[in-house]
Structure formats: C-alpha cells, structure tokens
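Data block below; observations after.
Each chain gets a letter, A, B, C, D and E, in the order it is written, and its residues are counted from 1.
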Amino acid sequence: MNMVAVNHYLVLSAMLFAIGAAGVFVRRNLITILLSIEIMLNAVNLTFVAFGRALGSVDGQIIVFFVMTVAAAEAAVGLAIVITLFRHKESLNPDSFTSLKW
Amino acid sequence: MTFPILSSLIGLPVLGAVLLLFVRGVDEEQTARAARQIALIVSVLVFGETLLLWSRFNPASADFQFVERYAWIPAFGISYAVGVDGISLFLLALTGFLTPIALLSSWESVHTRTKAFCIFVLLLESAMMGVFVSLDLFLFYVFWDAMLVPMYFLIGIWGYERRLYAAIKFMLYTMAGSVLMLLAILGLAILHYTTTGSYSFDLLKLYALTVPRPMQFWFFLAFALAFAIKVPLFPFHTWLPDAHVEAPTAGSVILAGVLLKMGTYGLVRFAFPLFPLAAEFFSPALALLAVAGIIYGALVAMVQPDLKKLVAYSSVSHLGFVVLGITAMNMQGVQGAVYQMLNHGVSTGGLFLIVGMLSDRRHTRLISEFGGLKKVMPHLVAAFLLVTLSSIGLPGLNGFVGEFLILLGAFRWDPRMAAFAATGVILSATYMLWMFQRVNYGTVDNEKNSMLPDLRPREWVVIVPIIATAILMGVLPNLFLRPIEPSVERLLNQIHQSSTTRILARATEPSALRPQPSPIHQPPATSAVGRVLPPSQNASADRRGLGGGGLDPADRRVRKDPPYSSSGVAR
Amino acid sequence: MLLLIPVLPLLGFLINASFGRRISKSAAGAVACAAMVASFAVSALEVWQLVSLTEESRAIVNHAFTWIASGDLIVGLTLRLDPLSAVMILVVTGIGSLIHLYSTAYMHEEPEAEYARYFSYLNLFAAFMLVLVLGSNFLVMFVGWEGVGLCSYLLIGFWYQKKSASDAGKKAFIVNRIGDFGFILGVLLAFVRFGSVDFQEIARSAATLSPETTFGTVSLITLLLFVGATGKSAQIPLFVWLPDAMEGPTPVSALIHAATMVTAGVYMIGRNAVLFSHAPQTLAIVAVIGAATALMAGTIGLVQNDIKRVLAYSTVSQLGYMFLAMGVGAYGAGIFHLYTHAFFKALLFLGSGALIHALHGEQDLRHMGGLKKNLPITYWTFLIGALAIAGVPGLAGFFSKDEILSSTYFSGHRLLWAVGLLTALLTAIYMFRLVLLAFWGPSPSASAAQGASAAQGASVVQGDHVPEHPAPEHAALQHPAPHQAPQHLAPSTRLHDAPPAMALVLIVLAAGSVLAGYAGLGGRFEHFLEPSFTAQVIGSVRLPPSPEASASANASARQIDGGTETLLTVTASVTAILGILIAIAYFLKNRGAADALAEKFAGLHRVLLNKYYVDEVYEATVVEPIHIVSRDGLWRAIDARVLDGAVNGVGETVGGLSELLRHVQTGSVRAYAGSLFFGAVMILGYYLWK
Amino acid sequence: MTLFYVFAAVAVGTSLLVIAQRNPVYSVLLLIASFGALSGLYVLLDAPFVAVIQIIVYAGAIMVLFLFVVMLLNAPHEDTEDDLRVHPLLRPGPMRFGAVLAVAFAVELVWALTKAGESGAFPGGAVSSVAAIGRSLFTDYAFPFEVTSVLILVAMVGAVVLARRSGAGTSE
Amino acid sequence: MNAGALNAVVPMACVTAAGIAAMLAEAFREPGERMPIAGLGAVGLVGAALAAVLLWNHNASSFGLVTADNFGLFVTMILVIVGVLSVAISGPTVERERLPAGEYYALLLFALAGMMLMATATDLLVMFLALEVLSLAVYVLTGLRRDSPVASEAAFKYFLLGAFSSAFFLYGIAFTYGVTGSTHLDRVGSLIAAQAMAPTAMQRLAAGLLLVGFGFKVSAVPFHMWTPDAYEGAPPPVTGFMSTGVKAAAFAAFVRVFLSAFEPMRADWGAILWVVAAATMVLGTVVGVVQSSVKRMLAYSSIAHGGYLLVALLAANDLGKGAVLFYLLAYAVTNLGAFGVIGLLESSARQSPATSHQPPQNDQVRDYAGLGHTHPVLAGLMTVFLLSLGGFPPMAGFIAKWYVFSAAMKAGDSGLAIIGVLTSVVSVFFYLRLVVMMYMTEGERPATFPAVPRIAGFALVVSAILVFYLGILPARVLDWAAASISTIF
C-alpha cells in the first residue's frame, strides 16, 4: 500500500536536518536558532520512525518519544538561558554576545 | 640487608629539602641562616657518602656495584634500579663535591628567599644523583626531567637581569631535546616487549636487546639530540651562554659542573651501548660537530666582553673534547672523556666561583670593568690563575690528563679529528690568558677596583678544595682512572662485540672479512657516507683503538690487540 | 734520589709561595738559593754516580709511581739520568744557582711580597726544567715543557702592571702553545706508531727500522716534534716571542731565555736522536730551519738598539746554530754548544743586567758609552762573554761552534756551512757592536737629557725599542710619579759597578765561558753523550746502535780528513776575528760610517730594525683575521643571528601562529557552530569519498 | 505515495520558511505547520502514536513554550544595524558559508543514502499498536524512562534557577 | 527482575538521591540557616564510591542497558573523585558569588549521575539521555551567575553548540539504529563486525556523525570552539568540574562506542581521528601560548589534553585504553586542583553595569604576580598542578603522558607521539608563564587575596598529594586501569 521507499524518508529527513543546520547560520535571532535545532531533532525523529518502520520494530517510535522529552528539556533550559541573556542586553542577536573571545 | 647507599644519595637531599620546608625562624634572617646551615650540613653529608662510596667501591670490577632494585611499575617492567660503576662513581662524587661548594658560594650573595634557594639546590642535587645512578631508563628519564625544575627556579628567581628569558630558554630547549628521547626509550621498551613478551626499561636487559638497524638509527638520533643539547654540542649550544650568564653563581657552578656532564654521560651510558651500529654510523658526524664546537667555542669565547659568557663558551669548547673522546670509542678516548667530565666540573666550576666572587664585589661581569686586580687581591688572583691553568690543561693539573687521553683516543681513530681538536689547546690558552691579563694585570684604572677585599675566609673554603682537587687530579690521575677503566672496558666490549658480530653476520662475501691494510696517510674515510657500513673487520678494528690512519702496517708488533679487545668481562 | 733534584726547588717554591709575604727578603732569597744549591749538589752527586757506572749501563732510573694508565697507555712518573740529562741538570742547577744568587742582589729593590713571588717563580721554573730534562718519557717531559712555559709566562709578565710585559708573557705562552700543538700530535703519533711514550722504548723500536727514504711516519713524528721545538726554542717561524720576552727581569732572561728553557727544543731532539736519525728528511728541515734562523736573527741583531734585544736575537741565532748541528746529525756538537752557550749567554745577559742596573733601567745602546771605566767588572766579564760567543779561539764558544761548522761541512751541507760561517761573522759583528757602543766611545752622560728625549722620539718613530723599565723603574712605578724615569739618567747619578753577589756570579760565569769549551777537547764531550743518542741498554744487553745513527753521531768525532778539519777551524777563527775587526772599524773608529751604511740601505735597515715585519705579518694575517672572524662572523653573525636566531625563531613562530590562530575564535557563536559544522561536513566528506 | 510528497513538500517548505523569517512569531507558527506535516508522515509510516504526540507534545507544548517566550521577551525583529559593529567574519559572508556547508551536508547525506541501494520497500507487518509501545516502554525501556525523569528534573531546576528574577535566587 | 538487577545503577542512584536531597534541603531551609548541603553531596558520592568498590569485578548489568564493568567503575571512581573535589572547592565560590547553594550542588550531583550513567551505559539511547542530563546540568551551572553577562554568554554558547552537536550525535544514533536495528552496543558491534570488510555508506554516516558528537564533548578541534568561552565564563569550580568530569564521561563513552562497537571500522575513523588528534594537540597548545586569562589558558590546555587522550584512544591497544583511564584520573586531580586555586583567588566578580564587560578579576596572568611571596602555599600548590599539567616528573601528569605516548609508540604511531611530545614542550611555556609570574615577578600592587577556607585548602592539599602519589607510585593505579579495560575489550 505504501510504495514510498525508506530512502525517500531518509532523504527527506536529511534535507530537513540540513535546513535546520542552515538555520543556525542564516538567522540572527536566538529564538529562531533554537527553532532550527528543533527542526534538526525532528528530522532525526523522522529517520527513527522510518527505520523503525523498515525494521518492523517499535524501538524507533519509543526512541522518538525520548527524543521529544529531550527536546522539551532542552527547549526549557535553552529558553531560560535566552531569557537571562536577554536581560543583560535586551538583544536576541547572537552576535551581540561576543565579549568572550580569543 | 646492606645500607642502601645509592638511594640515600638521592634521598638524603630530598629529606633535607623537606626538613627545610618546616624551618621557620623568628625572622627572615634567622630562617635564612638556619636554612643555609642545614642545607650545607646535608650536602656535606652527601659528599661524605660519595667518598664512602668511593672507598668501598671495588675498582677492579667492571660491573655495577651497590645495585638496588625494587619493582616500581611492574606491569611495564619499570623498576627502581640504581647502581654505580666506574663511569658514574666520580660523577657522583663530583656532584657531592660541588653542591656544598655551590651553597657556600651563595652564602651571602643570595639574600632573598634563602630557604627556597636551599631547597632547590638540594632537590637539584638529588635529581642529579638520580640521573647518574639510574639503571632503569624510565627512572633515568624521570630524574633527567625532574632536574630541570629546580634549575629553572634557581635561574629564574635568583638570576641576573635577563633571567626569565634564560630560564625559559634553558627549560624549553632542554625539554625539546629530551622528549624525543622519551619516545625512543618507549620504543626500546616496546621492542623488548615484542621480542621477549614483557616490557622492560632495565638498562641491562635493553643492552642485551638486538635492535634492528633502522630503529637503531632513529633511536640513536633521538638520544643523541637530547644529549647533544645538554652537552651542549655545537650548534645546539645557544642556551648555554644565556643560562650561564644569568644564573646565580651556585647555579652556574652546578650547571657547568654537573648538568652538562649529563649529556656526555648519557652518550656513554645510553646512546652508544644501546645502539652500537648507529653509534658507529653517526660518530664521525658527532665527532665533526665536537671538533667544530671545540674550535668554534674557543673562537667565540675569545671575543666575549663578559666573563661569564666567556667561560660559558669555553665550556662548549671543553665539552667538545669530551664528545670527541666518546666518539673515538676506544679506551683512551672514553676514559679520557670520563676524566675530562670531572676535570671540567672542577675547573669550570672553579672559574664560575671566581667570576662569582668578582661579580659579587663589583656587580658587573664585564672584562673591561676590571684590570689590575692582582695588585688589589693577590690571593684571589693566584687562585684565579690556578683555576685558569687547570682549565687550559696545563700538565700537572687535571685538565691535561683528560685532554691528552681524549686526543690520543681520537688520534687512534682519526688523526685528522685529533689534529683539528688539538688547535683547541692553542685557542684555549689564547682566550683564557687574554681574559686573565685584562682582568688581573695592568694598573688599577677603575677607582672602584682599588679597594676590593681579597679572599674572605668563606671564599677560601670554597676555592681551596677546587684547587686541591685540580692538583690531585693532575698529579695522581690514576687514582681516578683505575676504577674507571674496567667499566669503560666493559662498555667498549659491549659496543664492539655487538657491532662486530652483527657486521660479521651481515657480511656474506668472504672478501669483506679479509683485513685490508689501510694505506699510509689514508685513514678510513670518516665522512658519513664513507663509513655507512663498515664492510670489513678492518674498520671496526680501527675503532678498537688499533690506530687507524697514517701508519704503515709493517709494525704489527704494536698493533696487536690491546688488552681490552681480547677478553672482556662476560656479560 | 733523582726525584730530589726537582723536588728541592719545588719545595723552595712552596715555601716562598706560601710564606713569602711573611718572611724577610733575605730569608726568601736564601730559601730559593738554598733550594737551588741543594739541588745542584744532589745533581752533582748523581752525576758522579752516573759517571762511575760503566759506559754500557750509564743510566739511573727512578720510577716514582704510575702517573697515567689507560689501556695500553701506561705512563710512569719516571726520571732517568743519562749522560745527556746529566749535562742538562748540571747546567740547569749550576747556572740556575748562580742566577738565583745574582737575583738576590738584582731584585733587591722589589717590595717583599714581589721579591718572594719572584723567587718562588724562579724555583718553580727550575723544578719544571729539571722535570723536563729528567723525564724518561714524553709526557713527563711535557709536564716540564709546559711548566717552564708557564714560569716563563709568569716571569716575563712579572711586572704585570706594565702592559707590554703582560702582553709579552701572554705572547710567549701562546706561541709556545702553537708549538705544543705540534709536539702533542707528534707524541700521539709516536705512541700510535711505537706503542709507547717512553724515550727508550721508542728508541729501541725505532732502531730496528731502517731510515725512511721517503717522508713517512717517523718523519712526520719528528717533524711534529720539531714544531714543538721551534716554539720552545724560538726558531722560525715561532721565534717572535723571545725578543718580547725581554720584558722580564734580566736574570730571568739569562736563565730562561738564554741558558735553559729555550734550549729545551734542542735537548728534545737530542733526546730523540735515534728517532730523528731515522728521518733524514726531517733532519734536513731541522738543519735548514736552524741555519735560516741563525742567519736571520743575526741580521736583525745587527741593527737593534736595545741591549737586551740584541742579546735575545743572538740567542735565537745561537739556537739556530744548535738546530743546525742537530739537523746535520751532530747531536753531540749541538748539545756541546748548548752547554757552552749557557755559560756565555748567561754571562752576557747578567752583564747587561748589571749594566742596566747601574744605569737605572736604561737599555738603549745609543744612550750608553764609555762605561768600561765606571763598570770594570761588568766590562771585563762582558767582554769575555762576547769573545766567547764570537768564537774567538781559546774560549768556550770557539770549540762548540767549530764542532758545529765542521760537522755541517762534513755532512755535505756546504751551503749550510757557508750560512753558518756568515752567521758566525755576524755574531762577532753585533756582539762587538754591543760591547763597543756600550763600553767604549764617548759617554752620553753629557747629553743625557737630549738622549732621553731622543729615545722618546725614536720610540715613536721605530716603535721597537721603547725604554724598558726593569727593577728600579718598577719600584718607581709603585710610587706616585711613574713617568719621571728618564731623570734617573741625570749625570749627577753615581754609576756603581755590580754589587758583590752579582759580581761574583759574573766572574764565575766568565771563568766558565773561558774554560767550559775544554771539556770538549778531543771529542770527549761527544763521547760521553754518545750513549744517549743511541738506542739504550736494557739491563746489560745492549742493542746494536743502528749504523746510520752512530755514523752521524760520530761524524764529527771521526777524523775524515785531518787537513780539512784544521782548515775549517782556521776559517772559523778568522771569521770571528774578522767580525770583531769590522765591528771595531764601524762602531769604534768610524761611527759615521755605520750610520752612512744604514742611510744607504735605508730600506734594508728598516726591515731589519723591524725584524722583517714578522710580528706585523702575523698580526695582519693571523691574529687580526681570527679576531674579526670570531667577533663579527662567528659570534655576532652565526651565534647570535643564525643559531640563536633559529632557536628564538621557533619560539617566535609559535607565538605568531598563536596570535594568528586565536583570532579565529571570534566570539560569535555562529562562527563556532560553523566550525563544528565544517568539521562534520569534512568528516562525512572524507568518509564518503573514501 | 502522493500524500508522502505532499507532506514532504509541506515539511520542507515550511521549514525553509522558518529559517527565512525575520519575525520569530511567524517562525514558530510555521514550525508548527511543519510539525503537522511530519505528523502526517508518521501516520504514513504506521506510527499513529508518534503522530499524535508529535502534535500534542511538540506542536502543542514545546512550540507554545517558544511562543510564550517570544511574547515575553517582546521579541524584536532581527536588527540589522548591528551588522556594522561586528567582526568582519560575521558579516553575511560567513552566513553564506554556513548555508553552503548546509547544502554540502545535504548533498553528502543524500548521495550516501541514495547510493546505499538498500531495499526500498518496507516489510509488511507493522508493529504500531499503542499497547505494544506502552508495554515496551515500561519494560525494556523502563530505565531510560526513569532517566528522563531526572532529565526533566534537571531541566526544571535549571530553567527555574536561570529564569528566576535577579536577586530572588540568592541563598538568603 | 530481581533486586540484583539494579546493582549497576546503584552508584548513580546514590548520587541522584543526594542531588534530590540537596534540593529538598535547600527548599526546606530557613532563610539564613546554614546547612551542610555540600556535605549531603559528599555523602552521596561516598555512597557511590562504596557501591563502585563493591561492584568491582562483578560485571553487574542492569536492564541490559547499563553495565557496571570495571571500566565503567573506574571512570565512576574518577567521577567520584571529581565530584568530591569539586564539591570541596566550590564552597568559597558559592558563598562569594551568592549562588543558590541547593541548586548548585543538586545540579552538580545530577551532572555527576549523568556522567556515571554515560560511562556505564551500553546502549546508545541511554548514553544519549545521560549525555543530555549531564549537559543540561552543566549548561545551567555555567550560567549560574545570572547577573554576570559573561556567564550567561558562556552558558548560551555552550548550550547552543551543545544542542547543535547533540543533534548530530542523535542523527548518528539514528543511522546506527537503521543499520543494525538496535541501539545496543553489543548488537551494533556484532553487526558492524559482520560487515567490517565493506562498511556501507550508512554505517559510515553513523560513525562520522557519532564522531562529531563525541568530538564536541571532548572538545576536539574543530569542535572545540565553545571550550575557551565556556571555561572562561563559568565559575572556576564549575570549569574545573566540566573540564574533568565531562571529559571523563565523554571519553569513557567514546572509548566504549568506538573501541568496541565501531572497532571493526577503525581503518576508516582512525585516519580522521589522527588528523583531529594532531590538530587538537597543536591548536590547543599553540593558541594557549598567547592567552592572558588564566582560565582561558587552562581551557586551551584542556583542549590539548583532550588531544593527548585522543592519541591514546587512537592507539586502541591495551596500553591506550589503560592510558585513557589513567590520564583522565591524573588530569582530573590536577586540573581540579588548579581550578580550585583559581577559584580561591578569583575575587568577587560582582560588577556594576559599567564594568560588566570586564572579565572577572584576578583572572589575568599578570594578576598572579608576586603570589609566591604573599601566598607561598597556594603558589606552591599551583606550581605543582601546573608542572603536572606540563608533564614533569615526579607528578601525575608525567606518568599520564608517558602512558599515552607508550600507547602511541606501541601502536606504531610515532608521528602522533612526536607531535604530542613537542606540543607538550610548547605547553610548558605557558604553564611556566604563570610560574614566572608567581615567583619571578614582583606584583605591581599588593596582592589582596581572600583567606583560604579550610575545606577547600584541604582539598587542594589532597589533590597535590594525589598528584604526587600518582606520579611517584603509580603502579597500583596503573594496574587497576589495565585490569579494568581488560574486562570489556
């Protein structure tokens, strides 16, 4: 019934992963960068599910469940850090935080 | 269980240093005084122990004596193995001898952080002792590296103006050389593992190892680099003038007197016997560098305006002799080299002491600042003269015996090397006497020099032992040479046997075994290319001190095997 | 017992060196003299013993202890007395004692500490010299060899506050070291070749060889040894130090730089006669160098104005004679001349010392004259010395010179003989120029002030005869007004002849200069020495001397042709007398002629006055270049720039790289992520490409 | 089949728009759309449970959190005037470099994945019942499940500690 | 499931429990009441240590996901030491910076639990979760000085890059799962071994992406760039903690994954790691040379030390694995000591807005001038730690480096060994710069350093003693290290 091969899903997830990775670079907004990382995690989730389906096991789906937990935790901590950061400089531009260098 | 005398040589200074940590007087001054006295007592005790060691040393035996061996890191075959043979015996005594003198020499000139100073000197002594008694390569390396730290502090804290530069240069330069040696040591241990199934850093076991030829070359280079920097062999010497000049007197004395010997000692103890084939291959190049160093050091010393620098460059020149003797790899060469190590320790140590006395008085080391000192300080100048003469190798004083033996050894190997090296005899007289003249003769032109005090009692105590030793070693060299000889003999046997057997094993054509008379005035080629693979016994026979070049073969009588080539101590 | 001979002076040295400052001058002098005299006594005793031995076993060996033993090199501190060293120790201790005695008076104006120092050095010298001649092997000899060099250095630079003196001392030492360079190499080669450094063993080994027809190992050994001899005995090309050595006190010049130390080279060749006999090529070189040195030094001596320098060049010249003798194989003749020369040259130097002493430091001949009346003892003894050295028949120099010349002639080196003869002529001329200028003619006291200023002027122009300042002058140096020296020449100053100690010595030496030559009558001297020039006895078995060696050794003894022999003797005598006459003609009768001659050959005169510019040439070709290359080339360029630059360069490179790389760390988190991502892309790229 | 492409196109398109947006609010909303498309894909992959929690947890909870923070911070639009002050390496050039890297990365992955010629088709029996997942989660994966509790605890503590108002969090 | 099945997780359970207890203690604390919260942590850590000792040689396994083999237990012990020392040296900083003590210690303990889990996990998923636990905790610890913009920036950078790299790591797990159908290292290993001859592209992707993830955690070049910034911004005890603890956990997992599961593919990743290791050593030391901030300098030094560990890992022989363990231990003791000294010296960094861009005081190398006079003991301890880091005998650092280079030599990789020894010479330069400052330079101003609290001082002395112990009598520890690797590889 489903004629789409695993590879298609994998390619799709690869593209999503790359888009997420690119997002870290092209945007100068901390929130968007965090979102990009969420895209990357989702791309990985897709891979897991696709592999799980291909392997005929539930492990893939369960791993996705854990990944989502991790993503949530990361988001929580990340956003908290963004908030503290914002309090110091009223800016969400990552490039305005460069006092640590060299 | 007998008293572990060698361990106590290492341990006693450390104990002294630890004791010093807890010395605390009412005020700075009292602390300093107590620290000095304790350190002096400890170092004198250590010296006494070295003398005891000497008296109990069996001079007829070639083997390591007073050996102590405890497993340290058994999984890697690392043991705490110490022992002493004729080669190291006197280096220990020298270390023990110079340390109290160095301490005394700084009795008044070091007035800041005296306690720390004493601690570092004692730690340094311990490490130096360790280097000379180690029979385990790992242990050796530990002491070798550990010794850098106290020396670094001695230069860096109590040195002169550019002390930081000098200290760091000393440290990094020496380290850079020695780390590669560490790798070579590791390589040896691993080779031992692959051939026997167990790791070992034990020198005697590694001696017995057959190291493949290419490996020998790399390992030898690594060892030789480390030692060449330490010696220092031209052109690796540039750390030395800086370190010498900037170090406090005690530092210079120990640096020149003992530390430099570690390089040459390393060559004799490790680099050559461990890698005989490579040693054979590289020794002409080393000798060339040594000879270059003899001449170069002397020439550069000649034009130095700074007394300490002059002495430092003279060290380059003198140590060149030592290396030359070692590369000759025959009895006189090596024995002379060992002897010259001691001489240099005494003479150059003495020179640094004298220079230290002058700079303590005048706070300058520039030759041009002095002049006419003989009028002002006749005793000091007399001492200066004797030390100078000892340094330039006047017969009857210590320097001559070593230099002559080295030249003889080198001459038997390659007369041309000896001829060039002998020019050092001329040059050393030139620069030393010129310096001596400018400092001590003439009229007192500089007002500041006119009221300088002559030798103080403490300085008498410092300089008299040096001079007495110089004379003793010049008049009764056999006292020292006799215990050295069996060990050198064993060493030479080891090197030549292993290289000869391997050469024989490799040489398949019978022609290679036929001894070929060397043509008159045509010594065996000494260029690296020419001596790549000495194909015949002839070449190795030459190395055994049978007199290579310049001789017609008619007179077989004197070319019969010298005693040390026929029967050796079975290992 | 033999050991006592050098040890006694050594004891003297130790006493004076340790306590010299605390004892009186007379005590110090007494100690030194006593040590020497005792040594002389022991020497005499030992020699007496030696002579009483049979001719075959005439050697006394005293092995003290094994000095150096390393493998097959075993060197004992062994002293050996044989005829050759017997002659030498007698000369050294005998003349040495006399000069010690002389010095007690000569150096009397020195302060106590300096006085003791002087005598301690002198004693030390004697000790080393005795070690040199008694040493039975090269190394022990070398101890003495270098030791006397050291003492020479110390004594030349005795007045260390004077730069010229300390310069001269240093120069002497360094030039000697150049010779030692050859000497050591020679010893090394000898050891490698013969397996020993012992003279006897080497001689025995060498005796079995046939002389080298081509330049072989033995030739090389001997040549290298000879290089050492040229240094010690001031031969071409290493003679330059000896004239400068006159900076030392005059007795030192007499002892070290005339009678004993400088002859060490000759002695060394004599000691190794067997070896040298096997190297005819080297012998030829020795002879040529000797003759050339003799001639050259004679020509220079002709025009020098400093009395001590004339004597110094004369010494060089006479040493050349000795080498000529050695070179033609007439070892006995050479040693004979050494022995006679010791007397008359010591006499001449001490005489000149008395002269200088009397004149309070004046050494310039041009400011002397007419002194024979004021200084009769000095004059007469000096005259005897001059006659002796000139080779006037009946005096010591005649016998030995005649031996040398005839040996040279008979050895077939006719040209060398001619040169020798010419040198003899020159010797007579310059010696009598000296005598005449100093003791005859008008006294310059009337124009002393002018003379002083002229001396200054001359020194500026010629730079070679700066008035030297021996003892009295030196004493003045230590007082506030050092530069008033010329005033001592004021006419009011009383001239007084040598004090008794000095006079006595002069007289003894004068007697010696007359009589010493008779020891050689009938070849007795050579015959006595002969065993030393052949491979020696071991026990009672005597190796046959190699025919060539004995042939050359006996060359002079054998009466090849009695007529020719006589003719040669006559020629030599005539030459000596001719020389004296020429000197009288030019320097007594017609001084203007001499000056005119100098004018006429102004160029030559200048060259001679400046000693062929040898010092200048050495300075320009060796000393300066080495100095410049060392300072600007090796030290400042190679050491500081290249080698140290490379070392520091490594550090700087690391530092620079560090500075460069740290700026990659921009602080921007996106750049950091970029780095991470880049790493990921590269890793995957590598993986997939692979 | 078609659905796959539709969902895929939506996912890629919205994701691209997420990173193309200057306004973070739009980005968040677009990302929710993207997650919806993913959820559809999960359904296609016989993973309805994941599809549901994707909507509930991800889109519903996490994204709302984001939105909340955006609102809280009154997130400004990306400011461009900062560009002038920053280091040359941070100018658009490096940004493009990042994009290029991303493209390269995608190309590498896609090349590797397509080259790997593994069986394209999915095997038959899909195990996707919630019961199976639940059973597995609380037996085989019980321990990881417990670990996540610590994880969440840490995140909670961390978020609280960090985001607390200044001065309130001191030990006093 | 019997009770024994839980054995393997007991150490981390102890630590977690301690963390929770610390949190609760803080929550129920009356304002102003002093409470030994750090002591609670210490108790938990001691419990973990006891558990580890009891589990030694038992090879206990829980859930099939966590295996308390000797390897893991050795790392656990290292982590316990790291934990104890970190707790001990944290006191002054926590007090001075007025950090929330309960949360601070709780997070520290949670991070430790995560690290222990990471070291003992035999399943990639668990490993990932553990990684996240420790990472999140450390991110927060880094940014705990909320009023310091520098700390927030550091936390943010660390977090962002960490999350970014986690994605790569996770993606790697995904491919591993896809290739092998499991996240269990055993099964992954056996499947990869079956295809070792011709690894598929996906296998390679998996290995490569995992390398990126680990590379980040061990701060290998070019994944290192967060390190200096995060280390500089974090409070010194935290820096010490993460430079040692995180590194230990990450390397343990790294070794476990790459030397067991992915071992068959070593030919592939070996070459990559070679370059990475070389670059890491070189860059870490070279850039360290010009640093003027002490913490930053030690951060670069930490990068370099990561490089040496990579060398050991790359050698992949018995020596290499043992070397990793020993090195981690030696480095942990030494570096924590150094950061302890720094923490004691760093004066309050509370800044007014005007000075908010200034780095913390007493962090510059020149601030240490004259320390040898004013605080001889602290300076002496610091010297010991620095010399150990530089690899001088007879200190732990020397033995550690020696072990690493033996491994490399045994593996025939003299190239890396040469780079390693040469860079360690260069590194000596910058360690010595600090020594020069302390002893050979006079301070411009009278250095005012706070007094040393007893516990922290004691911890430093203990560290120094350990440094010497490991340097002089390493045999026993070396044997343990060797024994612990033999159980799993």
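FYI, a contact is a pair of C-beta atoms (placed from the backbone, for glycine too) under 8 Å apart; a residue touches a chain by one contact, two chains touch by 3 or more.
Note that the structure is predicted; figures quoted are calculated from it, not measured.
Participant: By label order, what chains touch subunit B and subunit E together?
Facilitator: C
Participant: Select the chain at the greatest separation from subunit E, using centres from the mean of Cα atoms.
Facilitator: If we average the C-alpha coordinates per chain, C ends up farthest from subunit E.
Participant: Looking at C-alpha means, what's the farthest chain from subunit A?
Facilitator: C
Participant: Which chain has its C-alpha centre closest to the mean of all protein C-alpha atoms shown?
Facilitator: The chain sitting closest to the overall C-alpha centre is B.
Participant: Can you pull out the chain pair that has more C-beta pairs in contact than any other?
Facilitator: A-D
Participant: Just curious, how far off is subunit B from subunit A if you go by their C-alpha centres, in Å?
Facilitator: The mean C-alpha positions of subunit A and subunit B differ by 65 Å.
Participant: What whole-number Å value describes the gap between the mean CA coordinates of subunit D and subunit E?
Facilitator: Here the centre of subunit E sits 29 Å away from the centre of subunit D.
Participant: As a quick test, compute the distance in whole Å between the mean CA positions of subunit B and subunit C.
Facilitator: Between these chains, centre-to-centre, one finds 37 Å.
Participant: Give me the residues of subunit B that touch two or more other chains.
Facilitator: 172
Participant: Which subunit A residues reach two or more other chains?
Facilitator: Counting only residues that touch two or more other chains, subunit A contributes 10, 17, 20-21, 24-25, 28, 34, 50, 52, 54, 57, 59-60, 66, 70, 73-74, 77, 80-82, 84, 87, 94-95, 97-102.
Participant: For subunit C, jot down the residues that touch at least 2 other chains.
Facilitator: Residues 651, 662, 665-671, 673-674, 677-678, 680, 684, 688 of subunit C each touch two or more of the other chains.
Participant: Show me, using the given definition of touch, all chain pairs that touch one another.
Facilitator: The complete list of chain pairs in contact reads A-C, A-D, A-E, B-C, B-E, C-D, C-E, D-E.
Participant: If you look only at subunit E, which of its residues touch subunit D in the complex?
Facilitator: That would be residues 9, 16, 20, 23, 31-32, 62-66, 98-103, 106-107, 110-111, 113-114, 117, 123, 125-126, 129-130, 132-133, 136-137, 139-140, 143-144, 146-147, 155, 200-202, 204-205 of subunit E.
Participant: What does subunit E use to touch subunit C in their complex?
Facilitator: Contacts found on subunit E: 156-157, 160-161, 164-165, 168, 201, 204-205, 207-209, 211-212, 215-216, 221-223, 225-226, 228-229, 268, 271-272, 283, 286-291, 426, 429.
Participant: Going by the contact rule at the top, pick out the subunit A residues touching subunit E in the complex.
Facilitator: 10, 17, 20-21, 24, 30, 33-34, 37, 40-41, 43-44, 47-48, 50-52, 54-55, 57, 59-60, 63, 66-67, 70, 73-74, 77-78, 80-82, 84-85, 87-89, 94, 97-102
Participant: Note which residues of subunit A are touching subunit D in the complex, please.
Facilitator: 2-12, 14-29, 31-32, 34-36, 38-39, 42, 45-46, 49-50, 52-54, 56-62, 64-66, 68-77, 79-84, 86-87, 91-93, 95-96, 98
Participant: Using the touch rule from the top, collect the residues of subunit E that touch subunit A in their complex.
Facilitator: On the subunit E side, the touching residues are 125, 128-129, 132, 136, 139-140, 143, 146, 149-150, 152-157, 159-160, 163-164, 166-167, 170-171, 173-175, 177-178, 181-183, 228-229, 232-233, 291, 356-357.
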